[in-house]
Every structure is written in C-alpha cells, then in structure tokens.
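Chain naming follows the written order as A, B, C and D, and within any one chain the residues start at number 1.
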C-alpha cells in the first residue's frame, strides 16, 4: 500500500460515521423523547457524558434501531441483567465511536416472564452477551439466532446468578 | 472435516475450544466455544466485602491483572463517591501503563512462538521482566499485584522508582527497535501477517470488537482519549491506529501502543505530585449503581456494580473485551488456511481468565 | 506511525539473523547470559515483596481482624498457652490457600503480622505448609524492617479511673473532647474525636486521676464496623469485656438497680457494658461473645 | 590403508586367531567329526565371510560416529540456541564439559518412559514408521566418506562405490514415506495433516535439490563422492555454483524439516505434527534422527559444495570434513532460531515457482561451464 492510500484512509478514519460528535447529552434525550414519548422515561444525567434512561420493553427493539441508525450509537458495550425483588432489569450500555457519550438504557421485565427482544440483529456484538445473560440469569431473548448456554454446560438446570440460587463461598 | 483446536492445544493460550471445519487446508466454518474456565466470579463477588474483591478482580486476567483491579476500584469509587488523591492517580497511571507494556510483551511472546519464532518469545519475555521487576518493587508481587485500593493505592512508590522507570522506558524503546528488526525485517513474518485475517471496519464496529483489533481496523477509538478517566486528560499521547485491517495492523498497533505507553510512564513519573496516596474507604456502599470503564490492553473493560447499602455488592457485572471479540472470530477465520488460525487468534490476544470469568 | 521500510529480498532471513548474531556476541563473548542459575544464585527481592508471614507475639492482641478480612479463609485463630504471655489466641496461615494479598498485614491494628521475602514454601505434603502461630513466630522481625504505616500518639482513656470531672473537655484547645453521659449510670465519659486531635497532651496533664495516657496507635486505612450497644438486653454478664482484645469495654455498675434480698441485705447493683470506641479495633468479638443480642454489629457474621 | 583395509585386517587377524583355536580343538576330536569341524572352520575363514564381518564392523563404526555426532549436534544446538536466547543452555549434568552429558540424561529419560500406542492406531504402521525413518537415515550416512581413506562404502581397492552419491540421496528421500506412514497410522487428524504436509513438502523440494546436485555431478563427471571431492581440489563447487549452493541449502532445510520450513511438525497449529502420538524412545528416535538428518545434510553440503576433506594438512582429513559439516549445521541452526515458519501454500509456492526455475538456471550455468571446458 502506497503512502497516498494510507493517508487517505487515515483521513477517512479521523471522522467516524457517528453523527453526534459534539451534540450534548440533552439533544439525545430530546430526540429520544420526541420519537418514543410513551415508553421512554426517567432521564438522568449521571456525570459528564453518561445518560441514563428507562424504556419499556415493548419498544426496546425499535428504540435500539433508532439509536443506531439515527443517533450513531454504533457500539454496544455491555448487556447486564440485574435481579431485584419483583423484576429483572436489563441494562444496555451503548456508546458511540469518537465521542464521549454513554447511554445507560434500562428495561425491566416481570419475574414470571423474563423476556425481551433480542438486539443481536442490530449489534452483532450483542449475540454472545445475550447468550451469557440467558445462561447466568435466565432472561429469554426473543428472535435470538442461537439462544444456548455459553459458559455453563448445556445440561445445567439452574441459572446461577439469580438470588434464589445458593452456592458455596 | 471438523477439527477441535482445543481445549488442550498449543494455539489456544488457555482453556477454550475452536472448532474449525476444513476443506483441505482451507477453513470453511469456525465456531469458538468458551466456558471451560468459568469460575463464577460474579457470583463469588456477591459474597465478599468490597475490599476482599480486589484480589479476586486481579485474578480475572493473568496478563494484565492490574488493569482489572484498577477498574474494580474505579467502579466502586464511582458507587461510593470517593475522591482519589492526585498522587494515587499518578501512581495508578504509571503502573497501569507498565502493566500494558508487560501485557503487550507477553502477547508478542505468545504470538511469535505461535508463528514459530521462538526467538521472539525469549526476547520479549526477557524484556517484560524489566517491567515486572519494577511492578514487583512497587506492589510487592509479580503477577497478581493487588495494588489499587478503594480510594487510592496500597503503598507509596519505593525509593528510586522514578529513576528506574525512566531507565526502563529508555531500555524499552531501544528494544522495540530491535523487535522491528526481528519481525518487520523478516520477510517470513510479513508473509504470515500481511493480508491475513482481514476484519473490515464495518464488521469490527458492528461486532463490538474493541482494543487493538478495532484500532487495527482503522477506527480511532481509545477510551483513554475518548472517555478519559483518571489523569489521562493531562497526558500527552496518541491513540495508535493502523488502516490495514489485518494481523499485521494489529501487531503494529500494539507495537505503537508500547511506544505511547513509554511516553505516558515518563510523564506520569515526572509530573507526580507530593501528598497522600490513600484515603480511608467507607465500609458500606450506598444503594445505587456505579460504572467503570477503562481501556484494557485487550479492549474495553467495563464493570457495573449495584450496591444495596451493605458492605457487599448486590450485583457486579464484568464486561470482558475478549468475550465479545472472540465472537467475531468466524468473520476473520473463514477463507484462510489452518496455519493462519494461530496468526489470527493469536493476534486477538486471548485471555481466558477474563473471558470466562 | 506508518511504516516506511523497504522489504529487500535479503531481508528474508538476514536481518533477524543479524540481530540474533549480535545477541550471541553479547552473551557469549562480551558478557554473560541474562539468566540466573537459580538454586545457586538468587535474585534480590524488594522489601515490599509479599511472601511467608511472620507474627510478632508480643504485639499481637489476638483480635482476629486478619482472619476476618482474609478473602480466602486461609487463616484461623489458635488458642495457646505461652509461658510469658499466658493464655492467648494467635492466628495461623495455611500457605496452600493463601493468596498473598497482604490484607492481613494492612488491617492489623498493631502491625504484628508481616510478610517476609521468603517464597520457597513448596512441599509435597499439604499439611506441612499449614503454618500455625508457633511456626510463624518471630518477635524480632518488626525491629528489622522499616515500617510503612505511621504511628500517631493519641490520648487513651482508662474508664476505671475516670471520674467524669470534665476538666479535659475544658482544656482541649481543638474542642475535640466531648462529655457524653452514660445512660442509667449517672456519670459521663469523655469522647475524643481522634481525627481532630493534635496530640498536644494538655488533657493528659490536666487529668487529676491520670486516666488519660498517650499511646502510639497505628493509622488504619480500613473503616471497621462499630459495635452498637442495646441497653435493654444487657444482663451485665461481662462476657464482652472478657472477650475484648483491646480493653475497650468496661463494666460499670448501674446505681438504683439493687434488689432487696430475703434477708434484707441489698444485692450488688446490675452492671452494664460501656464502650470506649476510640480503642475499638472493630473485630466483633464482643458481638460474638454476647449471648443476649445486646450488641449489634452490621456486616459482621456471628 | 583405508578404513576397509583397516577393518579387514582386524577381522582377518581375529578370524585367524579363532581359527587356530578352532583347528586345535578339531584335532582333539575324533577324525570323522574333526574333518567336519575343520570344514566349518575353513568356510568361516573364507574371504567372503571376512568381508561380511568387515562390513559389520564398519557399520558399528558408522553407528558410533553417527551417535557421537548426533549428541554433539544436539549439544551445539542447545548451547548455541541458549546463547542466542540469552541463557546458558545445558549446564549442570556434566558441567565440567559444558553440560554435554545432558543429552545422555535426556536419552535415558526417554528410554525409561512408557511407550503408548493409541488404541485405534494401526499397530504395524505405527511401529514401522520410526524404524524406517531411523534405518533409512543411517543407510544414507553409510555412503558418505569422511576422508579419502575413511569411507564406509568402499571396495577393497580403496575406491568409492560407483554411485555412492546417488545412493545417499535415494536413502535420504525415503523419509517422507516413513513420516506419512507414522502420521497416517496414528489415527489422529493432526498427525494426518502433518504427514500429508511432509509428503507434499519433501516431494516438491526433492526436485530442485536433485537438479542442483545434478549440476554438481555434471561438473565432477561422476556419481561417486570420492571423485566429486577430488574434483574440488582446485576450487570448491560453492564458488562457481553459488546459486546452486544457496538453492541446495534452502532445499536442505526443507528436507530436514527445520525452521522456517518445519511445517509438518508445526508446534502451534498441529500440536507436534506427525510425532504427536509417539512417546518414549519412539519419539526419541524421531528426535535423534532429525538431528542425524541435520548431520547428513551438513555432510552432503560439505562433500558436494565445500570441498569435502580438502584443507591444510595440519588437521586430519576426517576432522576437516566434520568441521565443515558442523559449520553448515550451525548456520542452519542460526537461521532456524531467527525466523518464524512459513505457511504451507507459501512453502509450495517458493518450492515450485522460485526454486525450480532457479535450479534449472543453475543446471544451465553448470552445463555451459562444462561446455566451455573449465572443468
């Protein structure tokens, strides 16, 4: 590869595809509220660049698609499932390349029906993380390409991170 | 023909299994399997006090244990709302960058040995020893340091630490040039690396790949720059990127990162202010959530802690960079030869301790 | 940092061979190899290195904080008879399980436990690397090393001598001594806010009963759990005072609780425990010793 | 007096001694038995029998030379590699002679280890693989002379066997067969891939190698090592055939399977290649033989290109030969520890697309030199 080709690629790399390079947190909040007025609630700016929002689970898939396509949140950092007394919370940490913005999107499911829509078709990186949440916490992800146990053996009967599972240690 | 590369195989560097389907010597399908080293650290942490988790967080990754205990301390400090003394921040940054160099050198050792150059293994391990010795003098241990504490670091720096680390940086920069002789100068190495394991930019971004593999695909995304923590905003360095998207690009990014780390160590050691290095951490955390996010040598490390007012965390979730990166293995592997598996998977710097947790 | 090096055909093997040849020159002819012939030559370890533990019997008060903070449950308390010290309780370490994290050293309120640079602990038998307190004992070790944790002098109260005269509270220039009444005893005791204290020793000079003495205490980086006393459950059995390793619990009589016996005499008054929290090391022994749920300690297992 | 005559003399003397005893014993016996006894003695002392015994003695000599050289090679390899890798190498076992005894200690360890045969392996093939590998390599050594009077395959007149170089290369080329057998019969995917790679590699590198050797034959005008070496009395063939020398070295590295061409036993991807399932002394044989083949390679290079035993007469001829072979080996080892290994398609690419045309060119150069009458 010649010198010129390298430089042009580097220059292309300076400006990533993200469209919210210098958009403050409030703008994200506003556009989310405009598009999902009924389901998105409970906004909070935790610290600089970190926003928290809650969303009802029926709108999760559409909201994630909107976030990726229109707001440029192209990187799904982490999916974590937390068990509370009467509900499961699934926390999505979504960020975008090239800007200091992290969105903490929380959706909750009741205990008797722990299932949400899978976002694996939006972010390919969500595939294994959802499998892990299914494995350890027992959350079912609808339309997941291959929802199997990943860390534990295939014939395990329990979901060990739930609070009713008592292990040693 | 399906071939199981692992769980016991020289290529794997740990306990995992890569199932590849080959047609002759060409790979047509690949399927990584992890979970052989699952220790249940997230469940374990729910039964330990906040202090007791620090050595457990060290055990997440044998290659760069200091990053993980630092990440854990950052997370809990976010939950508890503690301010860390500036001297502690500088000590942390210096030690983390040393750990980054040591980790990258260990990667280079394993990578060179995978490609068949034993010479690379020996030289990098020898030079890694310089930084391990520095960290040993600083922390008191060689692999699992248990050095960061909630609200500071465990010790002050030992005498002559500044002089030693500046010397180590000079030595390292000299040695890195020699590695370029050994690897970049060797046509065999270039033949094995260039154009192998191409992961295009869009794929890398979509699959959640972070760290050197992502920067090797031409995306300038380094959390030290993009979402600065600790005292990184005051440091003068650059995030290394390379536009080639192949194994050579990943190698190059890591080599450049070692140069940058030397720069950061110099600045951190020279700018280090006087003062306290540790504050008393409260025993009980408030109810709420804390979030930590660092640039691990292997990618984006992240922890999410939920406190419930007691002295034990209610839930601790760990995002391991390799766990996400290895799920992109199929994208990189298909179409290459069996011998390229070692180059491609070795180029990811697998660490199963943090992948399986 | 794009690479601009040309790849010549001779670079196939010659450039790496040049490098390795230079290394042979360095390690064979000019100098020596980099390695150490291990069993005969050894590397110097830094003094901060964490290896096998030693225990100073005279400093140790047997509080068991080390056992509690150990993440791996590899320590235990052992009851011993010592000719000098009498009946004592001292910790032992199972090196087969030890993480060498050094928390036991950090948490020790009297810095009685240290980690030496000795690391050659391997043995074919698991029982042989379980070190009891007698094998760990090295009373002279702490004099040999430079201690990292700093001492600071603080006034320490002996509640038996204290009469509650409030002179110390009036004398203190930092106003860090406050007189707190002790419930249903009818006395009050001085409580010293240690973070504010500057060790001016004025309270010690003024104290008529010599109840306050200066004592060097080590700074602690850990916030320890504090016992909470519930008066209504206390029976005055003084089990907690016997259990306390730091002598922070005093049994005081409560006037007005004497019962009249059948023969007309009055019995001894009921006692209650009084805590001097400045001395407390947070070990939870009183909490475990109390059979009547009169002491609460959040976060400590019974 | 050459080696054959020397051995012949020893055997002749021994046979004479034993025959005297034998006839004396025969005289004590009754005549009908004594005649038979003497007839047996005459038969045993016949010329053909003595030659057979001589050859056996020579085989013993070659075995001893080979084993001592292999031990030396492993020791040189480990010490040289150690200094290159910035450590001492073998040190404690026999530390007065630089750790030389370490190899013997390792050999004893391998002897004592259990030999495991996989349950589903083809037992005969699994057993035959190392046997063929070792024996063919020893046979290749048998025709290479160490000096003018120190050759094994020589006839009583002191001349070499007419086609000794061809025989050496023929035996040298049996190895892929053994490797393929052992890789296939182990019934393991890695060993199978290793064996197949080995077969492909050796076959594709055999041709350029033999083409360069053909150029040497052309210049020397003979297939005999004796003649080839004496043809180099004035100038080593490495100088006019510099191109061929380089090609020969590269092909040799591929044939002996050391880095950067050690694909059949590529440690990282194919656990240990075709030796994965072997254990104990069977693996020891493989390892010893690979060093033995290194020695053969050095000897072949010396004999064909580096003027054999020619050198100042201060040092005896066989020592000159060994010194040159050792230097070739050390250079190969130096290259070995400095480079990564290439990929299998790149290896075949180098073999067929680069080395083949170059070897043809080299042959052309040799032919033109011969036509010009320079040799």
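Basically, a contact is a pair of C-beta atoms (placed from the backbone, for glycine too) under 8 Å apart; a residue touches a chain by one contact, two chains touch by 3 or more.
What you see is a predicted model; the values in this text were computed from it and never measured.
A.B. asks: Within the chain touch network, how many edges lie on the shortest path between chain A and chain D?
C.D. replies: Minimum step count, chain A to chain D: 2.
A.B. asks: With chain centres defined as mean CA positions, report which chain is farthest from chain C.
C.D. replies: D
A.B. asks: Is the number of contacting C-beta pairs greater for C-D or for B-D?
C.D. replies: B-D
A.B. asks: So which chain ends up closest to the centre of the protein, judged by Cα positions averaged per chain?
C.D. replies: B
A.B. asks: List the centre-to-centre spacing of chain C and chain D in whole Å, with centres computed as mean CA coordinates.
C.D. replies: One centre to the other, that is 70 Å.
A.B. asks: With chain centres defined as C-alpha means, what is the inter-centre distance between chain B and chain D in Å?
C.D. replies: 48
A.B. asks: From the C-alpha centre of chain B to that of chain C, how far is it in Å?
C.D. replies: Whole-Å distance between the two chain centres: 34.
A.B. asks: Indicate the whole-number Å distance between the mean C-alpha point of chain A and the mean C-alpha point of chain C.
C.D. replies: Chain centroid spacing, chain A to chain C, equals 44 Å.
A.B. asks: Out of chain B, which residues touch more than one other chain, so two or more?
C.D. replies: 117, 119, 123, 126, 182, 186, 188
A.B. asks: For chain C, which residues are shared contacts with two or more other chains?
C.D. replies: Only 2, 13, 16, 19-20, 23, 34 qualify.
A.B. asks: Can you list the residues of chain D that touch 2 or more other chains?
C.D. replies: Correct list: 84-87, 260, 337-339.
A.B. asks: What part of chain D is in contact with chain C in the complex they form?
C.D. replies: My answer: residues 80, 82-88, 91, 260, 334-335, 337-339.
A.B. asks: Over in the complex, which chain C residues touch chain D? Could you list them?
C.D. replies: It is residues 13, 16-17, 19-21, 23-24, 26-28, 33-35, 37 of chain C that touch chain D.
A.B. asks: Going by the contact rule set out above, which residues of chain C touch chain B in the complex?
C.D. replies: Per the touch definition, chain C meets chain B at residues 1-3, 5, 7, 9, 11-13, 15-16, 18-20, 23, 34, 45-46, 48-50, 69, 71, 99-103, 106, 115, 148, 220-225, 298-299.
A.B. asks: If you look only at chain A, which of its residues touch chain B in the complex?
C.D. replies: 1, 6, 9-10, 12-14, 16-17, 46, 49-50, 74-78, 80-83, 91, 93, 95, 97-100, 102, 104, 123-129, 132, 136, 149-153, 160-161, 165, 167, 169
A.B. asks: Could you pull out which chain B residues touch chain A in their complex?
C.D. replies: Contact set of chain B toward chain A: 34-35, 38, 40, 42-44, 47, 203, 205-210, 218-221, 226-228, 241, 243-244, 291, 293, 300, 302, 304, 306, 314-315, 317, 319, 323-324, 327-328, 356-357.
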